[in-house]
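Structures for review follow.
Two complexes, one shared chain (chain A), two partners (chain B, chain C).
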Partner chain A sequence: MAASILFRVGRSILGGLSNNALGASRPSSKSADMDFLSQQTRTFIQMRTNLKVVDNSGAKRVMCIQALKGKKGARLGDVIVASVKEAHVGGKVKKGDVHYAVVVRAAMPRGRCDGSEVKFDDNAVVLINKQGEPIGTRVFGPVPHELRKKKHLKILSLAEQIA
Partner chain B sequence: MMSSNFLPQTLFMVPRCSAQCQPRKLALSALSLRRPGLVVARPFGFNFAEKDKKLSFLVSAETNPEAEAVVEESQENVDSVESEEAEVDKPPFKPRIKLGDIMGILNKKAIEASDSERPIPDLRTGDVVEIKLEVPENRRRLSIYKGIVISKQNAGIHTTIRIRRIIAGVGVEIVFPVYSPNIKEIKVLKHRKVRRARLYYLRDKLPRLSTFK
Partner chain C sequence: MRLEKCWFCSSTVYPGHGIQFVRNDAKIFRFCRSKCHKNFKMKRNPRKVKWTKAYRRLHGKDMTQDSTFEFERKRNRPERYDRNLTENTLAAIKKIDKVRVDRESRHHAKRMKPKKAQLQREAARELEQSISMVKAPGALQRDPSLTLPIKVKVSKPEKVDNRMEE
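Moving on, here comes the complex of A and B:
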């Protein structure tokens, strides 16, 4: 009798275990497919791309309206036209302003002339005016070398770290 | 007469090719007959070359390897074929250097050349390395990049390593070609035990795992 009860208990436990195994296997097979696809192919910064702002101009988030230069979109070091979506209270820029901005960090790898490639973990911009001078007075985070060639020397001098 | 030589070839070729390519072949043969100085051996002109030994066409330097086999039987020599044979004649007892081996030989020579200037340490995924890079646009100061090797792609002279590090709060991944002359020094600082060849999972993990002082 005890043996049969134990047997029944054992079977129910096993049943529970097998249910769990089934439950675990279904999401794992899905994630196996997604692992193959989760190597994201990062592409250009185009219209409606949300970007982070890394200077102290007052804006927090910005949406790209137009990528000047480039049919497919902007890359690291390019200038874009952006609209401010979120801003700090009492900053130099308000929500809804349209400004030029230069991309200082991009998730898409950018090749350099010596065969190396740089890639950042996020997309970030620094707001500039029409002449190319930054609106803010500080820049946070690393910036790449490419800005030197694009003549954004002021941003390079304000940066904490270069690439 | 030109036309008499012309006709048997077309008679031979007509059943082989379709009506569409016929005018093209005729045009080519007409061209080449007018200028016996040069012929470009195309794949369809293969039997062309065999048949026209009597007309003694010279084969140009851009022939494909199959046509070259045909050319070697014939008497004519062009520059590239000459240098091939000269290269083979110089070391008489070494095995014949085939066309397919040349890229491999050049690759090895380039690797040896850069190795003699600056030896490369043995790099593996999971090493924490420090790289000193000379950037020509950067006032001649050596940039220092530290980080963990998350992948190594072997491709001969363009063997690259991917270094990941968290700089100022942001993750940065840089791909360096290991044999580049711009790299002045590679030093392995530490080694982290990893059970994988590519550590792409570090991108999703806490930044703490990718920071190196």
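Moving on, here comes the complex of A and C:
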């Protein structure tokens, strides 16, 4: 009796272990490739949207509080007000701070003036101050050149790749 | 303005068409239409998808190496506008396209050539084996003019059908 219970427990543990091994061994090059068709949801950036922070200001994740401009929400290149949800220790910003931020990568396709559309793999922001200057000193990942029109030239100059 | 190539099917993407997807490692994928885009999202390998240029080149269905392809190499240096240069280039594009299309059709013909002889042989075999489907064996013996000559031409089956209709 006890032996059978132990056997069942052992099997479930083994099952859990093998699942973990599978999950760890699968490399994830893109953000969400567990599912068949799952890519990042392609909608506006609105209140309570979680975004990644791609500069070295200290914040890691940020939640949008308000999308300035745009009834339905912010898109690529727009400025939002965001609250820091997760931050590196000892960074320039702390958890709970409220900042302006500019969206540098959005999963929602944005039309370019030549008629084509661009979209990125995830939603990412760069924290800026009220005047539009970035708080951090480095920007990671590709940024679109929609920022040029929105006059975020400093971010463009910090970027390592302009999409 | 720049004419890009679709990442999936290698057709040209003209301005105003298609979707550009930028991955986080800054690699840009351009797609000419949603068909290619959806196939990419399904993670299909274009080298395995039969209708793409990548598959055709890989499996020898289309020309791979040709001097006409050298003209289409991507150049990142902008050229200063010069009217003569533009006119010459436009005329050259036409000529190069014609040459390339000629060479591709020749490549295709060369690929399909053994097929014609094979089709002939198969047709001859079918005629001598399955003539009973069309004409009763008794009729063939009674009227020897109805039997086919040994040298078979492909148009023969049509004549046999006409006699049947009478």
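Going forward, the second predicted complex is superposed on the first by the 122 of 163 C-alpha atoms of A that agree within 3 Å, B and C clash if a C-alpha of one lies under 4 Å from a C-alpha of the other, contacts with A are read in each partner's own complex, and residues count from 1 in each chain.
FYI, contacts are C-beta pairs under 8 Å (C-beta built on N, C-alpha and C of every residue); 3 or more make two chains touch, one makes a residue touch a chain.
As the structure is a computational prediction, the values presented were derived from the model and not from experiment.
J.: Scan A:G91 for contacts with chain B and chain C and give back first, second, both or neither.
T.: neither
J.: Let me test your reading of the model: by the given contact rule, A:G132 touches which partner, first (chain B), second (chain C), both or neither?
T.: neither
J.: Name the contact category of A:R148: first (chain B only), second (chain C only), both, or neither.
T.: Once the two structures are laid over each other on A, A:R148 reaches chain B alone.
J.: Quick one: classify A:V118 as touching chain B (first), chain C (second), both or neither.
T.: both
J.: Using the superposition described at the top, list the residues of chain A that contact chain B and also contact chain C.
T.: Chain A residues touching both partners: 39, 105, 109, 114-122, 141-142, 160-161, 163.
J.: Please name which positions on chain C make contact with chain A in the complex.
T.: 1, 13, 15-26, 28, 41-43
J.: For the complex, give me every residue of chain A touching chain B.
T.: 39, 105, 109, 114-122, 124, 140-142, 145, 148-149, 160-163
J.: Enumerate the contact residues on chain A facing chain C in the complex.
T.: Chain A residues touching chain C: 29-31, 33, 36-37, 39, 105, 109, 114-122, 141-142, 144, 160-161, 163.
J.: Taking the complex as given, what residues does chain B use to touch chain A?
T.: For this pair, the touching residues of chain B are 135, 137-138, 143, 158, 160, 167-177, 180, 182, 200, 203.
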